[in-house]
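In what comes next, chain A is part of two complexes: it sits with chain B in the first one and with chain C in the second one.
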Partner chain A sequence: MPLLLPFAELEVGKHLYWQLGNLKIHGQVFLSSWVVIGALLALVVVGTRKLERDPQGTQNLLEFLWDYIRDLSREQIGEKAYRDWMPFIGTLFLFIFVSNWGGALVPWKLIHLPSGELGAPTADINTTIALALLVSLAYFYAGLSRKGLRYFEYYVEPTPIMLPFKIVEDFTKPLSLSFRLFGNILADELVVAVLAFLVPLIVPLPAMFLGLFTSAIQALIFATLAAYYIGEAVHEEHH
Partner chain B sequence: MTSWLLLAEAGVPEGGLFDLDATLPLMAVQVVLLTFILNSLFFRPVGRAVEERESFISTSRADAKQKLAQAERLEADLKEQLKDARQQSQKLILEAEQEMDRLYRDALAAATADANASREQARREIDSQRDQAMDRLNKDADQLGDLIVTRLLAAS
Partner chain C sequence: MDSITSAASVLAAGLAVGLGAIGPGIGQGTAAGGAVEGIARQPEAEGKIRGTLLLSLAFMEALTIYGLVVALVLLFANPFAG
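Showing the complex of A and B:
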């Protein structure tokens, strides 16, 4: 690598490989995702240790989040089914949000890995595809469990002409979900890294703030679209 | 600068941006586990707390509404009673005034009659006394006349 500044090194596409049997996994993604999950669980455990009728401190924050996630899922999924899917939507939102912000705010570069570098778990295509496929499974399961085989009527509604488009949609949904998240987060990290490499002081700050904004928006978009797809699958046509 | 662009290209034997491997399913399993953990640690307890509070608030509101209605009913009741009492007292006052008036008139009439009676009596007494006095005077005058006549007759 021609880059020598310690905080502005760019390592894209390098991974810390762990060998698991004969499977290879990206160690840096798991390390940072454990940090993210640990932070989330710590917050949740601290906040729900003593739930009271008059919320105090962390309970306020958790109830705010709960309310936010409930509103999001109720709006997209609908009054009837949102309760079953709220934990999934909420977990997606919280995991992606904390991953994105953790990638932007935690000074990962201070920790040196033998290969690759720590960063937002969502900047790895494996993570985003995993999340997107989970969403696909979720909406298929939601539709099939609620409507049984009648779920497939959705493919020919309002007219059978829609059939090929709806089938293509089943592939484009996870594709667009995963690539949008992956692209935004990776691009943000790259922009900040390139700017920090060119001008280490001050100049990257606006890009960093923009990155925080994008990160939050991406988490919201992912969760909202996931909820929307599930809502579409469980939606009952009124004949 | 170009090195990371090269690395980003597909076809790099080891690594690369689009390096899919066992990270994908393991991450999916991890997220599903996280969903279940967060469901039991976060979504269910917080949801219960929020819904308990909501039901507490709505029952308290219903209670308060009921109490308010009761208070309003009591107030109307009391107002009605107060009005009745006022009317009653008004009637009592009127009656008392009429009674007083009547008593006053009675007393006045009695007193007037009394006064008239005593005046009449007094007048009758005066009259009788005057008659007696007149009688005596007449008698005296007669006696005097007689005396004068006898004296004059004796003298002549």
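Showing the complex of A and C:
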């Protein structure tokens, strides 16, 4: 049951389907995530083309981001292992951040699709579940590669009573990660759309700013939690 | 979708968001109150307190958002629509 609002023209549950073998994929998500990936790549290529000792402009911005991501991952993962995981955390953070803001700031409405509409890739549950499962794989890999089978000791620490809870946790981690991001981004879009439907002028603006703010925080939270889970997996217990 | 299913879905969607907002609302109030107290006692720690507060507020907000996701599923992707 697609929802159609006349002014805001928000289309929930309508997609631009591409047939890929037996699979139906949401084309509009692919298009907007390619735009996001392209923008990030362009930024990085432009920023690193002429490196200078005193960073200016784009290089300065990139170095600031690098510092930020390094501090984030070092704080959560720890001094020993953070270097291996910084690229992963940084990619997650930048992709989610640029997706969220791109979905809100780029006037996607100007591009007309036959069905569905372009928007933040993270407003589609498939994107966020894929990202969350990547985080799951990453922390299992991190734990297993650093500690080998001793990684599973973590499940029975401090007592074996914790075993069922720790197993359930492995399922709830990706679930809550993906739902949190998806729900927040979709909620922002819905709130703005409903307000724009009721009062098309000015009134939606504060909600839009709040949306920008929460979507930035959500990107930070996703990256922080991913780093925290990885840090938990590589953490050495001192007996 | 028959009318009873749709009526129950709409009602349940409203309840999912409404009831789900109570707990996090109380929690966010407590957290913000604690943060204000902390800033009043130690104004120089304001930056750090603000960062932690925002992060924890977002965690609490996620609980309401779960209710919202359930409501959205009931409204737009109802598995019982038949």
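The working rule: the second predicted complex is superposed on the first by the 232 of 239 C-alpha atoms of A that agree within 3 Å, B and C clash if a C-alpha of one lies under 4 Å from a C-alpha of the other, contacts with A are read in each partner's own complex, and residues count from 1 in each chain.
Please note the rule applied: contacts are C-beta pairs under 8 Å (C-beta built on N, C-alpha and C of every residue); 3 or more make two chains touch, one makes a residue touch a chain.
All figures in this text were calculated on a predicted structure; none of them were measured in a lab.
In the superposed model, A:218 makes contact with chain C only, not with chain B. By the document's definition of touching, of the two partners only chain C reaches A:183; chain B does not. In the superposed model, A:44 lies in contact with chain B only, and not with chain C. In the overlay built on the shared chain, the residue A:90 is in contact with chain B alone; chain C does not reach it. When the shared chain is aligned, chain B comes close enough to touch A:127, but chain C does not.
One of chain B and chain C touches more residues of chain A, and that partner is B. Shared-chain residue A:110: touches no atom of chain B or chain C. In the superposed pair of complexes, A:202 makes contact with neither chain B nor chain C. Overlap of the chain B and chain C interfaces on chain A: residues 1-2, 12-13, 186.
Those residues of chain A that touch chain C in the complex are listed here as 1-3, 12-13, 176, 179-180, 182-184, 186-187, 214, 217-218, 220-221, 224. Those residues of chain C lying in contact with chain A across their complex are 1, 54-55, 58-59, 61-62, 65-66, 68-69, 72, 75-78, 81. Chain A meets chain B in the complex at residues 1-2, 10-15, 20, 23-26, 29-30, 33, 37, 40-41, 44-45, 47-48, 51-53, 55, 59, 62-63, 66-67, 69-70, 86-88, 90-92, 94-95, 116, 121, 124-127, 129-131, 133-134, 186.
Looking at the complex, you find that chain B touches chain A at residues 1, 3-4, 7-8, 12, 15-28, 30-32, 34-39, 41-43, 45-50, 52-53, 56.
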